[in-house]
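Structure below; questions to follow.
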Amino acid sequence: MSGYTPDEMMSIAAARELRDGVLCFVGIGLPSEAANLARRTHAPECMLIYESGTLGAKPDVLPLSIGDGVLAERADSVVSVPEIFNYWLQAGRIDVGFLGAAQIDRYANINTTVIGDYQKPKVRLPGAGGAPEIAASAKEVIIILRHKRRAFVENLDFLTSVGHYKGGKSREGLGYTGAGPTMVITDLGILRPREESRELELVAVHPGVEVDQVREQTGWDLAVSDDLKTTAPPTEEELGVLRELRRKTEAARKEGAG
Amino acid sequence: MSGYTPDEMMSIAAARELRDGVLCFVGIGLPSEAANLARRTHAPECMLIYESGTLGAKPDVLPLSIGDGVLAERADSVVSVPEIFNYWLQAGRIDVGFLGAAQIDRYANINTTVIGDYQKPKVRLPGAGGAPEIAASAKEVIIILRHKRRAFVENLDFLTSVGHYKGGKSREGLGYTGAGPTMVITDLGILRPREESRELELVAVHPGVEVDQVREQTGWDLAVSDDLKTTAPPTEEELGVLRELRRKTEAARKEGAG
Amino acid sequence: MDKLTSLREAVAKLVRDGDAVALEGFTHLIPTAAAHEIIRQRKGDLTLIRMTPDLIYDQLIGMGCAKKLVFSWGGNPGVGSLHRFRDAVENGWPRPLELEEHSHAGMANRYVAGASGLPFAVLRGYKGTDLPRVTGTVAPIKCPFTGEELMAVPALNPDVTVIHAQQADRRGNVAIWGISGIQKEAALSARRVIVTVEEVVEEFEPRPFQIVLPAVAVDAICEVPGGAYPSYAHGYYERDNAFYEEWDGISRDRERFRGWMERHVLGVESFEEHLRSIRKEEVMKA
Amino acid sequence: MDKLTSLREAVAKLVRDGDAVALEGFTHLIPTAAAHEIIRQRKGDLTLIRMTPDLIYDQLIGMGCAKKLVFSWGGNPGVGSLHRFRDAVENGWPRPLELEEHSHAGMANRYVAGASGLPFAVLRGYKGTDLPRVTGTVAPIKCPFTGEELMAVPALNPDVTVIHAQQADRRGNVAIWGISGIQKEAALSARRVIVTVEEVVEEFEPRPFQIVLPAVAVDAICEVPGGAYPSYAHGYYERDNAFYEEWDGISRDRERFRGWMERHVLGVESFEEHLRSIRKEEVMKA
């Protein structure tokens, strides 16, 4: 298989990690694309939940936002925002939280708040949204973001959502019910927390990617697994479904009311 | 006007106290009859709220229970039980709480829990239901019950719902937002709390009722207003509407599914 | 839909001796059929939870299935006392019944906390009443911002919640319309959930004030037409108020109660047979 | 229905300088028309409250109406930054903007507490994050039963909440269907409530996942067809995703932004005129 982009590989690698039948709390953007790809390939019974209150959303195009009408159209149920966060997320019903990030550190803590100082930021980002409690209460968290040195940083400018906190058992001390991030999927490879230290280590690179390339784009001294794998390249089906989804989404977006 | 029962006088006297347009949280039984009578006479815009979650109920017969289908049929809205208690009652939206009681004391505190000792009761009553928080959070509370010595007691066997507590400013010390009971309406007359002491005093007797009769049926030394009034007897319209409501209710009850 | 099963199997598999069981319903949609099945299977030592214990709890208590009742209002709505409940509390018959008593607002918020994965809920109530004196599960709590002292009540998380609903769809989603009371929170706070329904349909129609409980929150769905009788199912059949009045007589006397239960509950194999035995089969065809 | 009034009158009467104002909406039913009217009437020193400040908050901030923002996610959904919001935070233009920042779960529960008449809400969150460091309105609280330490957040009680809904009936009840987000709690927690609606109808039809806000919880109802544009009104018109992308360009530059606002918001008298001025009048006939 040839002729796919690193972004396509990232979405496909992330989609593969979603087991069929799980309840997935989906962030907008990259996570939403991956989750919807999974639902269209190997995980048709995966139940997608968006923070706007849609339970079992079945969008036929990717939503531009977490409250698009396509999410409510054929959902199993639509509830209020407090219900989604309290009865579904905080109650521990969510198997997988799918999150993006602007910055991430070696313990998979996330920043989506500011670049620079909080009071006088260089870049003011949108902020926390649903992420802190998804990171806290989903049974497991999968993070998807592009692998850039400015994103994979030694020290976060702001800790918006807790991953493995300061490593080791420090997350457990915060009283969160979920296990935290189990995987970080990028356009270069896949990272997982080490058993004891909970520090992220590179466990797979995507086809054609060198470990040095990944180190280059990581702002700390990246741990690499002794048993480093290479991700299986996208199948024809995966690529076909992903591209069709993007095409339909783009068409719907252009159409709209305008 | 002649030919009406003390119970009819009680319901009619209670109905008259409901101003048009108010939000009334209605207990089942006597309060429900009075509230529905008010809605059919001088207070058509009175909004009836039942603890089962019906907002603006418009029953055409009296419900046997607080969750009867007639309450939902033409209600403005139907919400969950937590919403009724939290968003409507506790939030202070209710103008008048209409309550019944098994026992009442001189400060209009109510018992609906047990007669006798709690652990080994002579009579186990149904319990608190919605009453404690109605008594706590409705802007004003009106209590309706038959005037019997065993009901108007010196000491409650159990304090289920707080009226004016120990009198004076003691209720305010509990932090409740509502003003507490402003009126007790019985089949003999009407009682109101005195300004300072908050002790109930007899302010009106129904036509033909003597003060001594009321004292006789009150388990404490009953205070009587210097300006004791006599309740206006039922009008033809009031009696007609009440009897028609009872007749339709009885007919519907007999019909049912059985 | 692999959740679709018989009520007998669902109760056998999901209700265990000693469980804390909530059979919820607020006058509407009382899960009568499920309560009878629990009695027929002789489940014991149950902690029964419900805001408004009524006839079915009177039956469970009178048949000795319950060791404890967690509740806020126990009566025969619009009629009067629950005689079996009273007999258990006043005379310990057929066995003593431990009580954990709250107000409706307290119970509702306990379910909300349970459904929210929180250990407690906060409300403005209980103060000055005798409830905290007899109920261990109430404690003061102070607002860290205003200093106001409020009351905390612990979460309810039943081992099993049983509710009755109008419909399930083929995917196992459950639709309730009309008065839905505390059913959503009772279900979402429980470890295991059984739902009896009037019927299984292809797809739900929009109905006034309809809520939908997603399949993933339900363990077993059992089609039991008329399963809420003598309560009602909005859109299917009305409440049989006469039966509630009749129950006053049936339940007043221990022997008459036992006789009725033996004949109409223990002596039948299903709720369908029960309805025939009391000549109410018409509700199944509503 | 004496609550029915013009949007101009409702804003003039119910929104005051210095108010804490929540114009809520979760992508769906954003009250754009009301935001424009607030800008046209030059309301100032507002504390703006919203979980998801988007284009209309960008406009209010860029026009200098806001002194403070209480929020949990401020962006152009699916597109990127809110440039006027960023310019205010990063450069203090046109005036500095004080921030009170929470998570969605925190904001949602703050509205719930406000709607419930409680001074605070409890959730499991914030711990280990930098939010409590920069946000004063978070405090630890201990469960009196389990000892678990959780987080408390204070209630939100806006002076005014503005929402857009599909319909009102003649009695002044309001119907919302599809995604209803936090609108119910935002309305019920407020001192004053303005609702703009697509249309006033005789009676509501049952719709999927419809909620009804009773008339008594609403102070003013204003019929403004298309009033949520470029957001959508489920059953009326779709979201104009293209406009959200266009806004990125309009808002990026201070002058272009001011020019657009002067021409399309300040330079018109009503939302109807606004829609004509940007050639989107078709949403009014949806």
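Should a chain be cited, it is by its letter among A, B, C and D, assigned in written order, with residues numbered from 1 in that chain.
Heads up, the rule we're going with is that a contact is a pair of C-beta atoms (placed from the backbone, for glycine too) under 8 Å apart; a residue touches a chain by one contact, two chains touch by 3 or more.
Treat the numbers as computed from the prediction; the structure is a model and nothing was measured.
Participant: Determine the set of chains touching subunit B that also touch subunit C.
Facilitator: Expected: D.
Participant: Trace the shortest sequence of touching chains from subunit C to subunit D and report its length in steps.
Facilitator: Between subunit C and subunit D, the shortest chain-hopping route counts 1.
Participant: Which chain has its C-alpha centroid farthest away from the centroid of subunit A?
Facilitator: Relative to subunit A, the chain whose C-alpha centre sits farthest away is B.
Participant: Report the inter-centroid distance (CA atoms only) between subunit B and subunit D in whole Å.
Facilitator: 41
Participant: Where the centres are mean C-alpha positions, what is the separation of subunit A from subunit D, in Å?
Facilitator: Chain centres of subunit A and subunit D, defined by C-alpha means, are spaced 28 Å apart.
Participant: Roughly how far is subunit A from subunit B, going centre to centre by Cα mean, in whole Å?
Facilitator: Computed from C-alpha means, the inter-chain centre distance equals 56 Å.
Participant: Taking each residue of subunit D in turn, which ones touch at least two of the other chains?
Facilitator: 112, 117-118, 123-124, 148, 150, 184-185, 208-209, 212
Participant: Where does subunit B touch two or more other chains at once, residue-wise?
Facilitator: Subunit B, residues with two or more chain partners: 77, 86, 90, 137, 177.
Participant: Going by the touch rule stated at the top, which chains touch which?
Facilitator: Between chains, contact exists in these pairs: A-C, A-D, B-C, B-D, C-D.
Participant: State the interface residues of subunit A toward subunit C in the complex, per the touch definition above.
Facilitator: By the definition above, subunit A touches subunit C via 23, 47, 55-56, 76-77, 86-87, 90-93, 137, 177.
Participant: Quick one: which bits of subunit C touch subunit D in the complex? Just the residue numbers, please.
Facilitator: Listed in rising order, the residues are 117-120, 122-124, 137, 139-141, 143-146, 148, 150, 152, 154, 205-210, 212.
Participant: Can you tell me which positions in subunit C touch subunit A when the two form their complex?
Facilitator: These residues of subunit C touch subunit A: 112, 115-118, 171, 173, 184-185, 188, 211-217.
Participant: If we count contacts the way the header does, which residues on subunit C are in touch with subunit B in the complex?
Facilitator: Listed in rising order, the residues of subunit C that touch subunit B are 26-28, 51-52, 71-75, 77-79, 81-82, 85-86, 89-90, 101-105, 108-109, 111-112, 123-131, 134, 148-150, 178-182, 184-185, 208-209, 229-230, 232, 234, 237-244, 280, 282-283.
Participant: Can you tell me which positions in subunit B touch subunit C when the two form their complex?
Facilitator: 28-29, 51-54, 63-69, 71-72, 77-82, 85-86, 89-90, 113, 118, 120-133, 136-137, 158-162, 165, 171, 174-177, 252-254, 256-258
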